[in-house]
Each structure stands twice: as structure tokens, then as C-alpha cells.
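Note that chain A is present in both complexes that follow, paired respectively with chain B and with chain C.
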Partner chain A sequence: MLTKTLLSLGNSGINFITGAGRAGMLLLGALKPSGRGVKFFPLLVKQLYVVGVQSLVIIVIAGLFIGMVLSLQGYSLLVGFGAEQSLGQMVALSLLRELGPVVSALLFAGRAGSALTAEIGLMKATEQLSSLEMMAIDPMHQIIAPRFWAGLISLPLLSAIFSAFGILGGHLVGVDWLGVDTGAFWAIMQASVDWNQDIATGLLKSMVFAVVITWIALHKGYDAVPTSEGISKATTSTVVTASLAVLGLDFILTALMFS
Partner chain B sequence: MNLSDNIIEISDLSFKREDRIIYNDINLKVPRGKVTAIMGPSGIGKTTLLRLIGGQLLPNSGKILFNDENIVTASRKSLFKMRRKMGMLFQSGALFTEMSVFDNVAFPIREHTKLPESIINKVVLMKLEAVGLRGAAQLFPAELSGGMARRAALARSIALDPELIMYDEPFAGQDPISMAVIVRLIRELNDALGLTSIVVSHDVEEVLSIADYVYIIANQTVIAQGTPQQLRQEKSEQVIQFMEGRPDGPVPFHFPHQDYKKEMCNNVD
Partner chain C sequence: MISKKIQLMVGAFLLIGIAAILMLAIKVADSRMGGGGDVYVLSAKFDNVGGLKVRSAVKVGGVVVGRVSAISLDDDFSPLVVMKIESKFNQFSDSSSVAILTSGLLGEQFIGLTPGFIDEDSEILTSGGMIEDTRSAMVLEDLIGQFLYGGNDD
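Take a look at the complex of A and B:
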């Protein structure tokens, strides 16, 4: 009984370590885009479109709604103190520091991360990766690296767009609907948002999230059991793991940055 | 450089999947410029053998020489260099789903040569014409039938005129006409371009009609080999059973398992 438990513990330990090792190798391979030379750029552009541009609509809509809700909630809170003029500041800071990077990362994990895992898992199951290898083309360079870099570039930009549309949504509700003074809304926001404190930290967060999500998604796809069940499991696991990783890392990063 | 007569020489190769032994000290040679067939029951490890030759799987022990260079111990770089001289038709076809048939065939040419598009265009159309799919050039893999997809994959695997082509079940899912076309194509490619071909197949008649040399694999090793004529005269029961497709005999039809009767009785408690 005890030996059995120990054995299974040891086994899962070994599995975890080999899995981590493979994930590490994958990251190394992905970070080296030079493998494809000039042919890397068309591949990257295509993935920027698939991973980035195609996530744009959901990011814009989500940003608008989050901004609108923030504005509604904030107004009812601030108006009690007669401080509704600061609504712009509140909306902008919440978005830039927290909600922009985090919510867009969660959406990105659900939209782009799951798609990456499924796509690569399917390529593995249909032997497309093997057949690249047999053509003497490294799938790391052809498939993994362009997707990795596309994720890395896309998410910070998407976060910025998310925050911008969130502020727009906040303005829509706060100024156009609830009647906060538009001059005060923008002026107090501008005066209180600091480049280093607010914008750079948000950007840094979303860069970290981008690495983590794309890495998890690619690794889960590349390591998937090449069956339909294996792929669907890997896809789910990508969304769950990446989302939890984003939330956990957000806490750690916030603690490091603001304390 | 003076190359040996065999493009592939496999010696004392053993390979295990988890605890199951697939190959036990198998020896096999593929003569240069010839069509070599590998036959054997389903699940015996024919695809595995091709993957071992392609360096996609590593054996537990033994050597695989490709042009006198050991694939097993080769560095990744020299392995890739060797693979450029190999073509492989995968059992599933393995076409790139996001590209048209034309681009699939053009892909290895674009990757490994600096030919201008106008020439690539001609080469691709020639290859597609050879497999009867010139009209399907602009279709996507999802729009092809199973048999068409394998022919498109075949066109892709011969796109670069490799030194060695490995065909995994080239005849599966083909009607009699395209089957005959493919049989002829394999033979013609082999002879006209001086390639070497390895054909893995169950279709005994087709294989015997094109192969120069045949290996029959079973029980983790080679159980018979020779020219088609020699094999037709083979007296060994195993060989006769396989060639005539009889279910009873020394070659097990079933995946290794505990005794059938015993298992059935176990469940009647």
C-alpha cells in the first residue's frame, strides 16, 4: 500500500519534471526565431493576424463593457462623497493597473490560447509535425516560434486597446449618461495617471502574461495525446492553467510593484 | 565518396514501446536503386520501422546506416541533412491542412531550393499530373477524398526527387485504376530517376509485381526475404500463410493477449 503510494508519487514527480523539461526546451526553441531566417517574417505576420487581429473584436467589446460597469459602480460610490469629478481617475487607474492587463489576458487565454493548443494538437495528431520533421524542417522554427512571438507582441497591444476602449466606455456612461463634467473627467485623469506607476506597470504585467499564456498553450498542444480526447483535454487544460497562472502572477507582480 | 551498395543497413536493431518488444535484433538491408518491399501483419511495426529509419524514433539498441552514416547517433544537424535526401509518404497522408494541394507540393521545394516561382509552378504541376491530380491543384486537403489525399501526399513526398522514398501503404484506399497508376509511378520514378524506394504494404499481389526484393516481418524480426520469385516458392508455413491470407497458422492474427478461452470462461462466474 505504502510502496504503491510512494511509487505513484514518484511517477507523478518524474512526469512533472520531464514535462517541465519539455516545456523548457519548447521555450528555448521558440525564443530562437533565427531558425527560419527571412522566412520567419511572413510566418509571424500570418500569426499576428490569427492570434492578434482576430482577438480584436472581443477585446474591444469587453473593454467597452468593463469601462461602462466601472463607471456606473464608481459613480454611485463617489457621488456619496461628492467626488464624482474623480470618476475619470478611478476608471483609468483601475483599467491601466489591473483590469486591462488581467481581463484581456483571461480573454486571450480563452480565445487565442485554446485555439493555439487545439491547432497544434491537431497538427500532431494528423502527423503534420512529423511530416515537417521528415522534410528536414524543424517544427519549432516553422510552427512554434512564429506563434510564440505573435502572442508576445499581440497581448500587450490588445491590453492597451482594452484599456483605451474601457476609458471610452467609462466616459460614455459617466459623462454622456450620468452627467459628470467632461473637462473634469479628462483633466483629473490626466493629472493622476503616472507613466511609470500606472502605464509601465500595466504593460509589464501584460508582457509577463503574454509569455506565460502563449507558452502554456503551445506546450499543451505540442505535448497533447494525439487523439480527439487528448486534444480536447489539452485545450481545456490550457484555459484553466493559463487563467489561474495569470491570476496568481497578477497578485505576485502587484505585490512586487506596489509595495 | 564511394557509397556502399546498400542505402540503408539496419543491424541488430531492437525497439521497445513501453514494455512491448516491437523489434528484437532485426537485420535488414535496402539495396540502392531498387524497390524494396516490407510486408507483414497489421500492427507488427512497419510504420515504426520507417520512423526509425527517418530518425523520428530512437531504437533501444542497434545501428541504422543511411549512406554509411549512423542515423541513431547522428547529431540533429546531420540528421536534418540526411532527411533532405529522404521522402516519406505517411500512412495518413499528413497534408498541411491550411494550404492548397498546390502549395503542399510546392512547400518542400520552396523551403529547400531557391528556384523561381515559374519553375516551381512547372515542377509542381508535373508532380500533380503524375498522380492524376493536376485538376485538384487549388483544392484544400479537406476537399479531397481519402484516396486523393494520399495521392497528393505522394506528389509532395516526391517533390524534391529524394534519394530514398519511403511509402507507407501507398495503395490503401485506391481504386484499381489509380492503384495501377501508382504501382507504375513508383516503378518509373525509381528507374528513371535512379531513386531507391521502400514500399510498405499489405497488398501482396501489387507488392510482388513491383518489388525487386521483399522482406516479410513478423514475430519481431524478419521471417522471410528474397525476390518475389523466391518468395512465391517459399515453403515455410508462415510465409505461405501470409501470402495466401489464411487466418490460421503460425503468424498470429491477434494482438498478443491472454488465452481467448480462458478469458471468456473467467467472465462466466
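Take a look at the complex of A and C:
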């Protein structure tokens, strides 16, 4: 009984460390300059299209609606204190500091992370990765690195787009519907939002999220069991792990940045 | 090769993303201080800075002319406030005075700068100059205390 427990503990420990090591090697492989800069660029553009452009619609719509809801809820709260003019400040700060980076990261994990895992898992299952290696092409350079960099570039931009559209949505509801003065909306927002304190930290957050999400997605795909069930498991696990990692990291980053 | 359409869309995506960051920077944060550039430094010693913070505004007649850049304690334990004033407002004489004011009853605190007179005796303050005439923050608790207990002194 005791040996069995010890055995399973050791087994899971070894699995964990092996997985961490493989994930680390993957990150290293993605970051290592390939020395083939000319050919890297088209691959990156292709992945920017898949990871970034195709996530644009969901990000814009989600941002717009979240800004609108924030504005609606915030108004009903603030109007009780006669402070509805601070609506712009409330919407902008909550979007820039928290909701922008976090919600776009969650959407990104669901929209792009799962696709990356499924794609790479299927490449592994159909032995495309091994074929690349047979042709002396390093899959790290050909497959992993462009996707990693595309994710790293896309998510901060998507998060900025999310926040911008959220603020526009907040303006739409707050000013055009509920009748907050547009001058006060922008002026109080501008007086309270600071580039370093709010916008730059938000972008930094989403960069960290981008690294974590793409890393998890690529690792899960690359290490997937090459069967249809394995790929399905890996895809699910990507979304779950990445989302939880984003939420957990967000708390740590917020505590570090704003305390 | 990648099709023209994809290249075009990726270009547009990057452009929208950068435009969003720019919009956040300019329209939302109104970060003119990012350029920094043309400021000069004045400092002033107070007895009590109350709730004054770094980045609090320095105002002349309600118009923002600069911001507080640092608050520290001097050797003799009196708070020293360093202000960065925009260079286009560089005509304050050394008889100017500063006071820590509050916007509204419970609002944020800022520095109100009252420009002094200019005659042959006074000098124009330059960067690193010290404003001697200061009035400290009004601390609401002290005021209430005076109101409650101070009446007996008379």
C-alpha cells in the first residue's frame, strides 16, 4: 500500500518535472534565433493572420459590450452619489487595468490557444513534425517559433483594441444614452488615467499573459498523445490551464504592480 | 507564398492595434507629460503636506502649470516638495507663494501657486529655485479639533 502510494507520487513527480523540462526546452527553442531571418518573416505574417486577425472580431465585439455593460452598471451605482460624471474614469480604469488584459487573454486562450494546440497536435498525430525533422528542418523554427512570436505580438495589441472599443462602448451608453456630459466623461478620465500607472502596466500584463498562453498552447500541442482522444484532451487542457494561469497570474501581477 | 490578402489584413491588424494604443495614450491618458522635455524644477518647504501626492497638480488660478515630482523629508524633518513647472510659465518672481489647497471639501489636494510681484528687488525664479513663502495643508482633523476644543481658549 505504502509502496504503491510512493510509486504513484514518484511517477507523477517525474512526469511533472519531465513536462516542465520539455516545456522549458520548447520555450528555449522558440526564442532561439534561427539564423534564417529571411524565411521567418512570411511564416510570422501567416501566423499573425491566424492568431491575431481572426481573433479581431470577437475581441472588438466583446470589448464593445463589456464597455457598455460597465457603463450601465457604473451609472446606476454612481448616480446614487451624484458622481455620474466620474463614469468615464470608472470605465477607463477598470478596462485598462483589469478587464482589458484579462478578458482579452481569456478570449485569446479560447479562440487562438485551443486552435494552436489542436493544429500542432494534429501535425504530430499525422507525423508532419517527424517528416519535417526527416527533411532536416527544425520544427521549432518552422512551426513553434512563428506561432509563439505571433501570439506575443498579437495579444497586447488585441488587449489595447479591446480597451479602446470598451471605452467607446462605455461612451456610447454613458453619454449618448444615459446623458452624462461628454466633456466631463473625457476630462475626468484624462485627469485620472496615467500612462505609466494604468496603460503601460495593462500592456505589460497582457504581454505576460501572451507568453503564458502561447507557451501552454504550444507545449500541450507538442506533447499531445497523437490520437484523436489525446488531441481533444490536450485542447481542453490548454483552455483550462491557460485560463486559470491567466487569472492566477493576474492576481500576482496586480499585487506587484498596484500595491 | 502568402497571399496579398493575408498580408494586407495583417498590416491592417497591426495598424489598428497601434492606433488603439495611440488612442489610449492620447485620448484617454492625455499624456502630454510623456514628452516631458520643457520643464524646470522649483522646490518649496512646508510644515505639513497633508495628502499631497507625487503627480499632484500645481495650479495658478486654477490652471495647471506643472506637477509635483517628488516629496521628501529635509534634514530638519520638514517636508520638501519638488515641482516640475512647464517652461512656458517661467516668469515667477521669488516673492511668489505656494499653498497646499484642496479641491472641494474632501477632494484631492494640489499646490496653488500665487505669482509674486516683479520689481527691481525681486528675481525671477530659475530651475532649482526655492519658494520661501509657503502655507501648509489644511488638515481637516486639526480644523475639527480646533472647532471642538479651541473655543475654550478665548
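To be clear about the criterion, the second predicted complex is superposed on the first by the 256 of 259 C-alpha atoms of A that agree within 3 Å, B and C clash if a C-alpha of one lies under 4 Å from a C-alpha of the other, contacts with A are read in each partner's own complex, and residues count from 1 in each chain.
The rule is simple: a contact is a pair of C-beta atoms (placed from the backbone, for glycine too) under 8 Å apart; a residue touches a chain by one contact, two chains touch by 3 or more.
This structure is a prediction, so every number in the text was calculated from the model and none was measured.
J.: Please name the chain, chain B or chain C, that touches the greater number of residues in chain A.
T.: Result: the larger residue contact count on chain A belongs to C.
J.: Classify the contacts of A:49 with the two partner chains as first (chain B alone), second (chain C alone), both, or neither.
T.: After superposition on chain A, A:49 lies in contact with chain C alone.
J.: Using the touch definition from the top, say if A:145 reaches chain B (first), chain C (second), both or neither.
T.: neither
J.: Could you say whether A:212 touches chain B, chain C, both of them, or neither, answering first, second, both or neither?
T.: After superposing on A, A:212 lies clear of both chain B and chain C.
J.: Contact-wise, after the overlay, does A:126 reach chain B, chain C, both or neither (first, second, both, neither)?
T.: first
J.: Once the structures are superposed on A, label A:199 by its partner contacts, choosing first (chain B), second (chain C), both or neither.
T.: second
J.: Within the complex, which stretch of chain C touches chain A?
T.: Residues 1-2, 6-7, 9-10, 12-14, 16-18, 20-21, 23-25, 27-31, 33-34, 55 of chain C touch chain A in their complex.
J.: Considering the complex alone, what residue numbers of chain A touch chain B?
T.: Residues of chain A touching chain B: 39, 122-123, 126-128, 130-131, 133-138.
J.: Okay, in this complex, where on chain B does chain A touch?
T.: 51, 54, 56, 80-81, 83-84, 86-88, 90, 92, 94-97, 107-108, 111-112
J.: Give the list of chain A residues in touch with chain C in this complex.
T.: 42, 45-46, 48-49, 52-53, 56, 92, 96, 153-154, 156-158, 160-161, 163-165, 167, 186, 189-191, 193-195, 198-199, 203
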